[in-house]
Amino acid sequence: MSGIYLLNCWYVAAWASELAPGRHLRRVLLGEPVLLLRGQSGETAAIGNVCPHRFASLSDGKFENDVVECPYHGLRFAMSGQCVHNPHGDGKIPERAKVRSYPVAEKYGAIWIWPGDPEAADRGIIPDFSFLDVPIETERAGGHLRTDANYQLLTDNILDLSHADFVHTTTLSTGGDIARCQAKAQVDGEVVSVKWVFDGKGMVMNRSAENPVDVHTEFEVIWHAPGAMILKSASRPVEAETGVGHTRVAAHIMTPETDKSTHYFFDVADRRYLDRVTQIFEEEDGVMLEQIQRNMRGEDLWDLHPAILSSDRGAVLARRTLQRKIRHEQESQVDRASSPAESVEAEADAHVR
Amino acid sequence: MSGIYLLNCWYVAAWASELAPGRHLRRVLLGEPVLLLRGQSGETAAIGNVCPHRFASLSDGKFENDVVECPYHGLRFAMSGQCVHNPHGDGKIPERAKVRSYPVAEKYGAIWIWPGDPEAADRGIIPDFSFLDVPIETERAGGHLRTDANYQLLTDNILDLSHADFVHTTTLSTGGDIARCQAKAQVDGEVVSVKWVFDGKGMVMNRSAENPVDVHTEFEVIWHAPGAMILKSASRPVEAETGVGHTRVAAHIMTPETDKSTHYFFDVADRRYLDRVTQIFEEEDGVMLEQIQRNMRGEDLWDLHPAILSSDRGAVLARRTLQRKIRHEQESQVDRASSPAESVEAEADAHVR
Amino acid sequence: MSGIYLLNCWYVAAWASELAPGRHLRRVLLGEPVLLLRGQSGETAAIGNVCPHRFASLSDGKFENDVVECPYHGLRFAMSGQCVHNPHGDGKIPERAKVRSYPVAEKYGAIWIWPGDPEAADRGIIPDFSFLDVPIETERAGGHLRTDANYQLLTDNILDLSHADFVHTTTLSTGGDIARCQAKAQVDGEVVSVKWVFDGKGMVMNRSAENPVDVHTEFEVIWHAPGAMILKSASRPVEAETGVGHTRVAAHIMTPETDKSTHYFFDVADRRYLDRVTQIFEEEDGVMLEQIQRNMRGEDLWDLHPAILSSDRGAVLARRTLQRKIRHEQESQVDRASSPAESVEAEADAHVR
């Protein structure tokens, strides 16, 4: 996985509910084909999805008794990535017959993957999304979308909620209230948070209602590198007697599929909203972000010299934090020599004397 | 816009009739996304189509009261390209919040754009297409097509009308007459013209008629760099008593969309022919030129060492004239330093102290 | 044609039956557009498919009386590639008006093409496929498929028949017998052969039958560089009284279309099997090989450090033999200076004085 990503960190690879016992799931993550596996007894694993023999996709093979079989020549791999069966000739298992294994963690209803140094994988640093720890089938609403735009465009989008007033004019807009209010952005260690506080005409959590009242609203987005965000929203009538308040906590988690596409995992707290949020994102944010990706023509944001608005504070802080972490990681990385081609040749020689 | 194009010259961006008052029109020209605007009172403008804040396409935003609003975060831009409204926080307009403005001219029923140095934009050098100055709705017939081929392949095509005998065998062919007659090509200053004069069996302006007579025909193509061409045609019976003559003046104007695709603006003098000419070009020339573009695999014509026929004279003269003008322009161009990245960083700094 | 291919050798360009007298056929071979021609009297030729004047595809022009006419400006070319008619002006034929001619040979029911030095084209070195010399319409069954994978992946596939047990589980599988038996691979001069010999439950040539018996099977694949293979199969009941034996000889010939796609010519000896084999290849091998091509991301097999199994012996030997031949050819190649651009310019000058 390339130097453009932060590697020593946890990324959401899937919602836990996407992977039933005995099933496997192909997913491209950080540009690499990954095979997610859940064994018979429920434990999860993530291995490379390409067979080291002739490069077939293991996801097209059978997964039985916690062993995946390559669909081309039948090599079988355990959930550790180690080849455990060679059906050819004397059945000897060649040294190279193993696929990469990624540390995984199942936590907060999600399967997290660690693309960096396995020795450094610390499950304790997964950011706290414990509000998701409720039975997902009954209450919460995990969604997954693919967008053809870089993941930082998707994190920027959530870190600047003011876009709702322009992109979501008929759905989530506050009629200019979010944009007008001066968002407060700050960094606390490596966590960026942005807060919007404003009063406006509307209904509590429902601006399009027929009898709007004066509503006090607070939004907070909390970002953890590289793209895991919590969105807290609270609104209540300014005058208490006109109704009760609402609070909600949602998850918006971006995992790069490639440098030009993103897996967007979201959980909007209430499964009744899943379809609506999915539709809004696909038709409004998704269309916008994919067009921006094309308009940027593969250039880095900073190289395009963007005009910066006050509403960009959170996004700028998050990008800088992430950039610093990636730079730091790359500087401290020990160059590991990759296996020299000569040894493959030697292995081939052994067979063709 | 890249050095492969002549910049200090006028290109047709649209027919005037394509843009009603209060409307905007997205068009890629010379590889750049451009937004054409016509204000309430009829005046036209052309600005970059990508918002300098977050690179959304302005063409997807509203255009009201001569102001276009970015659909992502609501920055508003005047027809000059200057940001005139920032709905965020204190509303201060950042220095970078402006998009490029192109000189435009509305003349001869077309909107012309000048992609080069604005100081040098001289409306007096627009080539004379005054024959188009008739009410387009009633008499003339402006068409617009996109072709996935380099614009010089399209100008070559018109500069060698002999292709009609082979490409348009059932529509515009003269049965070999144009090919056989020796075309006269010449340069007058920077204007290339090619003339074909021949007698042949046919009908005046209609070769496929049932009772052909001996017809005298003259064609002339007049090319102005980089791709604005006038095609004059005249035909009359060789023996005066068999009927009356016809003359016609048509416009064939090629504007690069990218280096691999072209906007083809044509006006065939009589709106009754518009559909037929559109169909002939799409099904015959267009198919041929797109295939040639693929067969050339991105190589320059001269690098492919083409065989040169006598019928290529006009095209060779036009290509050389254009090549000389581009070389001259590039040599005299003063390198302008682009805005240094540091100032963006500084601007970002101002927001994230 | 690029240095990635062996050039001084014969490739199958088409089955002879694909080209009737007076017909032409466009085919991309080794990355180059080629036009196959069969004259009125039955002789075949192969020339470049791109007109040297303006790069139109000759395959879109008429082919009459053994002369092909360019569809753009009417230049006519003989089957030798020489321009024989210029309909323009004085009709003089420019020196550059010729297209490349390739040596061809019609042998064993196929049209073979030699992309290398024409002087070196020796029809005597076409590998012996004389078993194909039967009336193709009545008995044999020549098929042609295109696959979006490098031709060496297709030769590897045939050189390791063990894939049948995993890829063709419901069609050609031996239930693991081929994989288990130790294939014997050897090089004899520059010809690689692989042999599988095994006993197993089944029916002679039909493993899925209801009353399987003990069957003795022998397979042999014989490879000639770069991709012409003969597959001999023989099977008979282990106990002679339970039925009679079968033998069959099939052709599997791979010709690169480009470095990422292949023409697959096959002849499975019995035309009744043509549709079935076509379907099996398209749905099973073809899907697998195209996915592997994508999974390899344009990298060379050896650079990916594959695990090598005993069943890879034949493929490894064939790849090494081919690699050695290509290297040898490149080292002995005399650099020929290509025509200097100046002379085109001079030719153009002659027309635009």
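Every chain is named by a letter (A, B and C) in the order it is written, and numbering of its residues begins at 1.
We adopt the following convention: contacts are C-beta pairs under 8 Å (C-beta built on N, C-alpha and C of every residue); 3 or more make two chains touch, one makes a residue touch a chain.
This is a predicted model, so every value here is computed, not measured.
Here chain A and chain B face each other with different sets of residues for the most part; under half of the interface numbers are shared between them. Chain copies chain B and chain C are related through a rotation whose angle, from the C-alpha fit, is 120° to the nearest 5. Annotation: 45 Å between the Cα-based centres of chain A and chain B. Across the assembly, chain B contributes no residue in contact with two or more other chains. Here chain C touches chain A in the complex through residues 156, 160, 162-163, 165-167, 176, 179-183, 185, 288, 291-292, 295-296, 302-313, 316-317, 320, going by the rule given at the top. Chain A contributes residues 33, 50, 52-57, 60, 69-75, 83, 86-90, 92, 94-97, 339, 341, 343-345, 347-348, 350-352 to its touches with chain C in the complex.
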